[in-house]
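I'd like to ask some things about the structure below.
Each chain carries a letter (A, B, C, D and E) given by its place in the written order, and its residues are counted from 1.
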Amino acid sequence: MQRIGVFVCWCGSNIAATVDVAKVVESVKGEPGVCFAQDYQYMCSEAGQQLIINAIHEHKLTGIVVCSCSPRMHEATFRKTAEKAGINPYMVEIANIREHCSWIHKDKDEATEKAVILARAAIAKVNLNAPLQPGESAVTKRALIIGGGIAGIQSALDIADAGYKVDIVERSATIGGKMAQLDKTFPTLDCAACILTPKMVEAAQHPNITLYTYSEVESVKGFVGNFDVKIKKKARFVDENKCTGCAVCTTKCPSRKGGNEFNCNLDNRGAVYIPFAQAVPNVAVIDSTRCLHFKTGKCGLCEKVCSAGAIKFDQQDEIIEEKYGAIVVATGFQISDVTKFDEFQYTKHPDVITSLELERIMNAAGPTKGTLLRMSNKEHPKDIVFVQCVGSRDNTARGKCYCSKICCMYTAKHAMLIREKYPDVNVHVFYIDVRTPGKNFDEFYRRAVEQYNVDYIKGMVGKVYENENGRLTVQAVDLLADRRIMLETDMVVLAAAIEPSSGVKDIASMLTASIDTNNFLTEAHPKLRPVESPTAGVFLSGVCQGPKDIPETVSQAGAAAVKVVGLLAKDKLVTNPCTATPNELMCNGCSSCERVCPYGAIDYVEKEVNDHGKREVRRLARVNSALCQGCGACTVACPSGAMDLKGFSNRQIMAEVDAICK
Amino acid sequence: MQVNENAKEWKPLIVAFCCNWCSYAGADLAGTSRLSYPADVKIIRVPCSCRVNPMFILKAFEKGADGVIMCGCHPGDCHYSTGNYYARRRMTLLFSMLDYLGIDRKRTRVEWVSAAEGQKFSLVMNDFAKTITELGENVKLGDIRCKK
Amino acid sequence: MQKVRGLVIKRAGELLSDGTVTRVLGYKCGDFFYDVTPAFFESADQLSDLEYGSFCGANLSKYLINACKDQKEGKILVLLKPCDTYSFNQLLTEHRIDRDKIYVIGVGCKGMLDIEKLKAMGFKGITKVLDNGDELDIKTIYGDKKCKRADALLEKCVCCKGKDFKAFDEVIDVEEPGEKGADRFEGVALLENMTSEERFAFWNNELSKCIRCNACRNVCPACSCMKCVFDNPVSGAAGKVNSNSFEEKMFHIIRAFHVAGRCTDCGECSRVCPQGIPLHLLNRKFIKDIDELYGDYQAGEEVGSRAPLVNFTFDDAEPSIVHERGNE
Amino acid sequence: MSMNQKELSEQIISMVGFNPRQCMKCGKCSATCPALEEMDIHPHHFASMVCEGRINELLESKTLFRCLSCFACVERCPRSVEPAKLIEAVRDCVIRAKGANFLSPDAVPGKLDPELPQQAITAAFRKYGK
Amino acid sequence: MYTIEKSKLSDLFGAISASCELYLPVKKAGQNNFTKYEAGTEYCDELKTVKSPKDMFFPQSENIVSFEKTDGKIKVTPDTIPTEKTVVFGVRACDVASFDVLDRVFLSEPADSFYKARRENCTVVATACSEPEESCFCSVFGIDPSEPKADVATWFVGEKLYWKALTEKGEELTKAVASVLTEENADGTVEAEKAKIKEIVKNLPLASLSLDGWDGDATEAKFDAPEWEKLSASCLGCGACTFVCPTCQCYDIRDYDTGHGIQRYRCWDSCMYNDFTMMAHGTPRPSQLQRFRQRFMHKLVYFPANNDGMYSCVGCGRCVNKCPISMNIAKVIKAFGGDKS
């Protein structure tokens, strides 16, 4: 039997004006378990709290009911008070007689009667409260980064520098991601490779960082602090330790028909290849879908020319199992499909390209060695048209309803770079809005207009077609002049929308992290917890969470790293004590609870139970209290009522119902 | 039914299950905004609408409640991301079954009330209390022993 | 039926002898033709007691829960009718039985007979029923009678779910995939079309007969809980008796709710109710609602399917739909 | 906006079945339009003018009868605004005001250009009063 | 001997219910059960009711005491002893015999005051079984369905009901309803009916059951018999048999929180349930085999041991009809070799 103290707060006149607090005190004195009741002007004040502490000591109270404002306001306060007095903080219940009573009812008798009922319900609940102890779980001091782009690299470096082990899993053969494909970066126009490659090398050489390139996350089990991850290291057919990156094999490979992904398929690569010169690791990889050896069993030229003997045709996929304390998702983005926009002739005309393709054309290591050429005839263009918002801000099935955020700025960059290098080329930009919020961003855009004479035309392009001169005609409207524009040009560059990388759905479901309708990962709170996913221990870095440019990505990567470091720095994690717990003797092992758990907190074990002397092995639900957030979905899904929720148990809620219905 | 020694006029007893994150906060906001609703409504706090067991609702009726309302976050806004979707199915089927047994369907209701919808909370409770008052005492569901 | 019985005994005997199985779960003859009791047979010579006839309506799948748990060696052979295989699959889905320990013989079914229906037709002191296909010869203490077979079918057989086996290791006497039975939701729709008051009167009349013997619960393959909430003193719902008109409703509503989405509509609850309460009308109501609101779903159709109550879609119907449809 | 204009505006919005405020004024409809040069009010103006209630101007616009109903704008609008439908709705307002004096089959010249799409002929019946 | 036309039964029931509460078999929602008579209620002449008439004296659930806490003090209010005069009509011979079994339990000291009051206030009108059924085996327990031994015995023959008071209470009731009865010397008709019934009973399929070996001293011989395992293997552990049984008399006492206090009530229990006789340490019969055995050992061994050899089964055959898996006392007796045929 509990010894319950009831403390009725006046809240000045907030409660006392409509609720007869003295009467509430009197009415609850006869309730079961109540051995002390008192009212006071401000329970939450120092003096009020002291009053509670004194009463706990004096009357040896085991349970506390505070009739006051909403528990959302002061539950934490009174729990601390109880703790100070030496009783378990979860032995406190609040009867909300302010927001739910005194503030909404005018009739004093009515409000008083209701306050008494609410107090009774809280008393009935406290009678069944049990002391709850937050659980503890150990933390594996190792982080996993999924994705080896700039976001992943930056997070990894920051975590590694703080002294923790980090593994990066990257599905392509090199780290670097999209940034490695870029030529220059806005608004400073510094070379992307110059700033990225040192970071790639740093990541590769960092003693705390392990790279798993050409690898994918196979499965994730476990929970915050204790993830069990299986990583599939795909067979490269090249011994990483032996390959020197000399690239002889790549030049000798006779199978050269397939496109080179790094150059957006604008040129071809061999079946054995190194993605690009500065690739990290600088190791070749054999594309078994194209390799003649795999297709016909013959060839093997690479094997012959490799002086290091690194070619291993019999290499197998390898599964690596590792434990992690935290996971950062940095899966980045890809260019959305522009083939659906047939009005721009992207699929039909080689001179209609995407901005990323232009990046490669402009890059010294690109398909044209950095010379701006038309892909159709390898001639210098005289006019270039940029089309903004291709697929962005588009709420139809063809596009994405969001703004891709980076296109305005990189188009200004492209325009400027072209005008700088080829002053004879006319550059036209068709835009809807030019969005330049960011340090030195608008200045950058204005420079393109004012100093580089880039022709910005407000208005979306209607269509593009090849004209009789073998050039392209762009049909549009100048909205400001309200007149038709028919513009002859040599190249059209589409600012295609960006979208989360393919495969992010699988990653999200493995992590039980949620994604929005556009497949961007959802943050735990859009403002206050922007780098955390709702799943504890999973953090977000870079464009996988939403469109952003490089500096933003790097800062988010750093923020995610800090969160990870903050987590890994703990020796133990304290968990929410109000978790679900199954009664082993009642559990059927039917899996209903597992299916409704949003956190994957429930699994099953075969365990011997002693059911009133009958020993048998049963399949039993097991709740991981570190993962359980206490929603209670499982408690209702459970047909036998074996699953119950601490702090909101079936009996407690039924007791409240009983008390209210008295 | 509420026992009243002086046998004043009959007043309905309404039990409201509110999820901690949205609807309970919505009720708090109704309070801070001084938006009144009948004192017949008594709120029970649950972590999520998915914590509401049909048994609680039946128990409330057995013990004399005249109406039971469950409030949760709007679909899509659940603090636990999916709780209210399960609650929605459970309650739909339960209410349909009660109706099938010839028990007034109007005595049960589900409303989605966000933490920002103090106004809505108050309107919903006023409306529900009015409906229940019009329906009168719950004779079909009450427990005989409670009527003593 | 004698032919089928012979085939079953022969095959079960073979499987016992060659060690494929060590036990056979079947039916045993009683004093009368209709009082067959589920029973285990452990050797070929015990099989002479095995009965397989027109009154083997009982669904044997639930017995497998305990049978899988005992420490005996070898597999259990179980005889399942097409409709029983749904329950069998549902039990597998819920990890209540172990497929590796079970050998299923699916036995073709023409529909099983209901002794209560024969009695309700006014036949007293029935001592034997001969099944002649379309017609039944009924021997009673007070003379011989006849009736149509179709009129004496169990409710579940009137609304037969079909002759397909959803699980089996082998089958005996497979029926042609004939037409499905009558619309099983007819009874539910009839009630739905009544007024609220009529429905209330109907259920009051029916449920007030309930004696809380728990036969419906204990026979139900979906009610396989280690400890039922109604037996558990701490659940807040425990009760041994209908002390009032609400408790029987509470019992039946909660029971139907607990099996909602898991009930295979095997009809055992109604078959065994000593007071003849049409409990299947509660379960079928849930099935009908689920089909209408969340898309067709048949529990036990496939192993591992996700029951509708542990599932959702973002655009599920709102609970207010209950207020919007149906009669007042 | 006068009462009549507002009513007309609401009527048009209800006829087209979408919210023209979705228009983000990108001009793609006009950019796409093959008959733009023939028009006095360009397609991209329609959404905002309907929203603003400038219906009288639209009712008198030549555009209504220059639009080919080719639906290129509908196909390509990134905001699901369907400008051709807006134009059609305004046109319907004009025609309704005129009464039922549509083009009769007799008025169709005996020899039609075989290249003329069937859709255009049917559209002509709807569009051109006597 | 008195008679009344079958067509005028309602006059008889009206006359009885004028002075007391009358219970009789009535068909409701397809099932025959003892129900309180109200004007217009129709008597159902089917042989067996689903529930036995033991409800009359030992209801499935009854309040016995209530507690209320006021001003910190607990007020105890025992429920009042029932005083209504009742008549139960249409009780079959087996059920009449079951009252003797129940009397042994509830009327031996200390007597159960509720049971005693109801029993004393009730006049039992029995009816002979003109058409016994295949599941009946009352004769095995020495019960004669042609001649029920109640306060009043009745016979339905042809279009008439024959009425004969056998006790003082029966005489009293007869006097009270004399206005609707006709005095008639019909011994011949009734004797012929009795003979007819006796002939049928002799040839019933279960008439050959033998109770040899079942008595108060059989515990040792029967308790560990291997038969129990086979017999109980299919038992579902429901309470259907016990709740339809006229002689099962086990009950549970429970408290219910009404919100204003505690209502203590007594309700039927079933030895088939796993919480039967649950104690602080657990249940003494953890397996279904043990619980199953308990029921039959109680009826055929333990009860006779404590009650001068009286079996607590009357052969009504309800369990034969109602067991979901068709296991019953007849099968148990037979499994132990108890068949004379």
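One rule holds in what follows: a contact is a pair of C-beta atoms (placed from the backbone, for glycine too) under 8 Å apart; a residue touches a chain by one contact, two chains touch by 3 or more.
Remember, predicted model here, so these are calculated numbers, not experimental data.
Q: Can you list every chain that touches subunit B and also touches subunit D?
A: A
Q: Could you tell me which chain's Cα centre is nearest to the average position of every protein Cα atom shown?
A: Answer by centroid distance: B.
Q: Return the chain whose centre of C-alpha atoms lies at maximal distance from the corresponding centre of subunit D.
A: E
Q: Farthest chain from subunit A, comparing Cα centres?
A: E
Q: Pick out whichever of the two, A-E or A-D, is joined by more C-beta pairs in contact.
A: Between the chain pairs A-D and A-E, A-D carries more contacts.
Q: Measure off the straight-line distance from the CA centroid of subunit A to the CA centroid of subunit B, and report it in whole Å.
A: 36
Q: Let me have the rounded angstrom distance from the C-alpha centre of subunit C over to the C-alpha centre of subunit D, please.
A: 65
Q: Can you give the whole-Å distance between the Cα centres of subunit B and subunit E?
A: Spacing between the chain centres: roughly 45 Å.
Q: So, what's the distance in Å between the C-alpha centres of subunit C and subunit A?
A: 48
Q: For subunit B, what residues touch not just one other chain but two or more?
A: Correct list: 3, 54-55, 59, 63-64, 82, 86, 90, 143, 145-146.
Q: If a residue has to touch 2 or more other chains to count, which residues of subunit A qualify?
A: Only 596, 637, 650, 654, 658, 661-662 qualify.
Q: I need the residues of subunit D touching at least two other chains; which ones are they?
A: Counting only residues that touch two or more other chains, subunit D contributes none.
Q: Write out the stretch or stretches of subunit A touching subunit C in their complex.
A: Subunit A residues touching subunit C: 585-592, 595-596, 604, 611, 616, 618-619, 637, 639-642, 650-651, 654.
Q: What residues on subunit D touch subunit A, complex-wise?
A: For subunit D paired with subunit A, touching residues are 22, 24-33, 36-37, 42, 44, 72, 76-80.
Q: In the complex, go through subunit C and note every residue touching subunit B.
A: Against subunit B, subunit C makes touches at 188, 191-192, 196-204, 229, 235-237, 243-247, 249-250, 253-254, 256-257, 260, 282, 285-286, 289-290, 293-294, 308-314, 316-323, 326.
Q: Show which residues of subunit B lie in contact with subunit A when the two form their complex.
A: 3, 13, 15, 20, 24-25, 27-28, 30-32, 34-37, 39, 42-48, 50-56, 59-60, 63-65, 79-83, 86, 90, 122, 146
Q: Give every residue of subunit E touching subunit C within the complex, in rising order.
A: Interface residues on the subunit E side: 28-31, 33, 47, 50-51, 60-61, 131-135, 200, 203-206, 230, 233-234, 236-240, 242-244, 252, 254, 256, 265, 267-270, 273-275, 320, 322, 324-328, 330-331, 334.
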